[in-house]
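Shown next, in structure tokens, is the structure this report addresses.
The chains carry the letters A, B and C, assigned in the order they are written, with residues numbered from 1 in each.
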Amino acid sequence: MATRQTRTLARTMMAPAVIVLLIWMAVPLAMTIWFSFQNYSLINPMMTGFAGWGNYEYVIGDPSFTQALVNTLLLVGGVLLITVIGGTFLALLLDQPIWGQGVLRILVISPFFVMPPVAALIWKNGFMHPGYGMLGHLFKALGLEPVDWFAQYPLFSVIVIVAWQWLPFATLILLTALQSLSEEQREAAEMDGANAVNRFRYIILPHMARAITIVILIQTIFLLGIFAEIRVTTGGGPGYASTNIAFLVFRTGILSNDIGAGSAGGVVAVIIANIVAIFLMRAVGKNLDA
Amino acid sequence: MGSITLEHVNKSFGEVEIIPDISLEIEDGEFVVFVGPSGCGKSTLLRLIAGLEDTTSGHIKLDGEDVTGAPPARRGLAMVFQSYALYPHMSVRDNIAFPLKMAKMPQAEIDKKVEYAARTLNLGSYLDRRPRALSGGQRQRVAIGRAIVREPKAFLFDEPLSNLDAALRVNMRLEITELHQQLKTTMIYVTHDQVEAMTMADRIVVLNAGNVEQFGSPLELYKRPANRFVAGFIGSPKMNFVDGPEAEKHNAHSIGVRPEHFTLSTTAGAGQWAGTVNVAEQLGSDTFLHVEVEGLGLMTVRTDGEQTFRHGDKVYLTPDANRIYRFDAAGLALQD
Amino acid sequence: MARNASVQTKVGFTVLAWTVALLLFSPILWTIVTAFKTEAEAIATPPTFLPLTFTLDNFGDVQDRSDYIKHAWNSILVSVGSTLLGLVIAIPAAWSMAFAPTKRTKDILMWMLSTKMMPAVGVLIPIYLIFRDLRLLDTVHGLTIIMTLINLPIIIWMLYTYFKEIPVDILEAARMDGAELWNEIVHVLVPMAIPGIASTLLLNVILAWNEAFWTITLTSGRAGTLTAFISSFSSPQGLFLAKLSAASLLAIAPILLLGWFSQKQLVRGLTFGAVK
């Protein structure tokens, strides 16, 4: 379709969005890269000038960086694992003939609508607090010693909270995909003599592959940037035990006012995200056009 | 007024040339039908005239004025789409009024014109319905109503009847023909149904792979097809073609005989070609026989519906000597 | 499968599903009931389920302590404002990509999506400094701009998938009927895409409402949204369990309702139409 005139018009109409996003991508990123090579601290104005790779050496050389990197991968990987497997089971469960489907869906999806700081605070105070949290009460009732979750298992606790928030999303998408599998297809498989396990393995799972890829893609985008949950619960601690890259940059740049080092951390975060992104886009691109 | 002139119009989509070079003169008030096989570029040509696509090269003139680069809104043409393309969120009344509203016509005048169109097309009782609540035929009428209120220079129809059932199609065909007689506005009508083409057109453009094979009145095309393609395309059932020695007897590379131009006999030896009936399609008024002729292949023959035939019956065919079409090696018709 | 399910298996699955669902919902349920308890009851051992003494005081206290209304208003301004601004930029762009696609359209869409992949921390520092110099820190309009930018790719993608379902014939009919581009969009495209635009709006309001990186890092007092408001309750911890719940409930209730309402669209929206 379309004449030259329409196409010109189309380009004009697209320009604002493209320009705005281009600026949003390029300008701050260029500044981050620039700062990352400068000695620039808000606390110590005497510290100026070209820093070379100094900031990078400082950030990457610090043991906290390695830990943050590992934590980031554990956080993303852990949450993905829990939500994809849990979501698949939940979706299969909700797809069964049960009473109260509609209400169930609403109950299950609800955590997704809870803003991250609220989610973190509810879990921190209402559930994981060793004194009066529900888990504490439960442990006491079972005759066990209550666990101080955020002190003893800080990263695990954050993973639990984030997984709770994202499990509904995975479930809902996988359920939708499952329901789009036609009844006919399933019946045909049944007629062919496939038992439940084989039906899942050869019919349902391949059908859901696309949805699972989407879940992984979308969640990874958000999970790489997990911030509020950490800020509100552990503050990244104890030490750096629950600091991910995002929070490390925040700690260095904003809390410690070291713009140069913070920026270097930011650049590293961007590079990591890009590596993940390229990897993901490949996988998804294949799945998305089909 | 609405004469349309195409001068060396060429259209390519990227690398693919869809219309190599077309020149046409469509006179004011004419009903012109574009026919051709699927994918030959009928819709593309219509959309070029409409201004929905632009020509790669060449010129399009409306009443002598060059409109090659003008957007559709400025050309003053109206189009009826195969899908009807009604605005689903507007009532029938608003659908018909839309082009007038775009032309910033005063409301009173709009109302008058909508009423008039509704009366002409028997849409009076549906004016406040949404298109969703109409039948296919009614939707088609609304689409036509939306086209006529603007009093366009010409109407462009792209297979407007192909989504309707057979009976309704015949009705709408008549209605559109009547509409043309009443309005006397130029109409260009795209179809791949050659019955529509033959019955409605003043002149027919036969397109093949983006080229005009012939442009003429329906009978002209039937009686004097310019080439084998037109001969085969116009007429139903299709013309039978014979190559080889049988054609050489007529000094031609190939010859064609229409199914209705045979004399048929069941008496042994009472015909030039002997054959066996393969399938007999009885329509009541006519019977179409598919006859396997020895040495020449399958031929379609029309007879009246009086006689019944069975598979395996022997028949003898004589082509009407005055109505044998002759073609040269390139497929062009040979004149007598 | 529905055909041959016996009543027993149905009961079994129902019990199992409800158990899991209630477990998942329990943190929210806990928040709801605790919000109506007194502080003493909230930390009582053993815990009570329904409040013994039902009180609304917590809500009043939250308003007095942290001015819920102001933060909620900021949240509304930022989430609705950024979504509307986003729609204004995105509708023309999505029109272009859906109805006048070129070879590069898919690439541009992918590129837009990839801007979402850029971690916010990568640009936090320059944005922070730019905002400081332009005096945009802790302002509602500053935050609105950022929120527009981060949600723009999603808005464009969503609209694109909805627009693609509209037959191009109808837009061409409008062109033939003499409609210029503006009229084509305002009188034909937008009314036809209302359901899609509405779910785009809903979903992006939800995302902006719950956004908790920029809202926390770029605001302090004046322009704080509910995410900032709730973060202020993180310390001193423990003393305010009932009030914390009341504040949490206030912060999530509007979006929870909106979310229940739009859960069907959510799937389509968030997966960019890849799962329907």
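Definition applied: a contact is a pair of C-beta atoms (placed from the backbone, for glycine too) under 8 Å apart; a residue touches a chain by one contact, two chains touch by 3 or more.
Just so it is clear, the model here is predicted, and its values are computed rather than measured.
**Student:** In terms of C-beta pairs in contact, which of A-B and B-C ranks higher?
**Tutor:** Higher C-beta contact count between the two pairs: B-C.
**Student:** By C-alpha centroid distance to the whole-protein centroid, which chain wins?
**Tutor:** C
**Student:** So, what's the distance in Å between the C-alpha centres of chain C and chain A?
**Tutor:** Chain centroid spacing, chain A to chain C, equals 16 Å.
**Student:** Find the geometric centre of each of chain A and chain B from their Cα atoms only, then give the gap between the two centres in Å, rounded to an integer.
**Tutor:** Spacing between the chain centres: roughly 59 Å.
**Student:** I'd like the Å distance between the centres of chain B and chain C, where a centre is the mean of that chain's Cα atoms.
**Tutor:** Distance between chain centres, rounded to whole Å: 54 Å.
**Student:** If a residue has to touch 2 or more other chains to count, which residues of chain C qualify?
**Tutor:** 172
**Student:** Provide the list of chain B residues touching at least two other chains, using ranges where the numbers run on.
**Tutor:** Answer for chain B, listing residues that touch two or more other chains: 51-52, 71.
**Student:** Out of chain A, which residues touch more than one other chain, so two or more?
**Tutor:** Answer for chain A, listing residues that touch two or more other chains: 1-2.
**Student:** Spell out the residues on chain C that touch chain A in their complex, using ranges where they run on.
**Tutor:** On the chain C side, the touching residues are 1-2, 5, 9-10, 13-14, 16-18, 20-22, 24-28, 30-31, 34, 42-43, 45-47, 89-90, 92-93, 95-97, 99-100, 102, 108, 110, 112, 114-130, 149, 152-153, 156, 168, 172, 181, 206, 209-210, 212-213, 216-217, 226-227, 230-231, 233-234, 237-238, 241, 244-245, 248, 251-252, 255-256, 258-260, 263, 266-267, 270-271, 274-276.
**Student:** What does chain A use to touch chain C in their complex?
**Tutor:** These residues of chain A touch chain C: 1-2, 6-7, 9-11, 13-14, 16-18, 20-21, 24-25, 27-29, 31-32, 35, 90, 93-94, 96-100, 104-127, 129, 131-132, 134, 137, 140-141, 164, 167-169, 172-173, 176-177, 180, 186, 210-211, 214, 218, 221, 224-225, 227-228, 231-233, 245-246, 249-250, 253-254, 259, 262-263, 265-267, 269-270, 272-274, 276-277, 281, 285, 288.
**Student:** Which residues of chain A touch chain B once you look at their complex with the stated criterion?
**Tutor:** It comes out as residues 1-5.
**Student:** Going by the contact rule set out above, which residues of chain B touch chain A in the complex?
**Tutor:** By the definition above, chain B touches chain A via 51-54, 69, 71.
**Student:** What part of chain B is in contact with chain C in the complex they form?
**Tutor:** 50-52, 71-73, 77-79, 81, 83, 85-90, 98-99, 102-103, 146, 150
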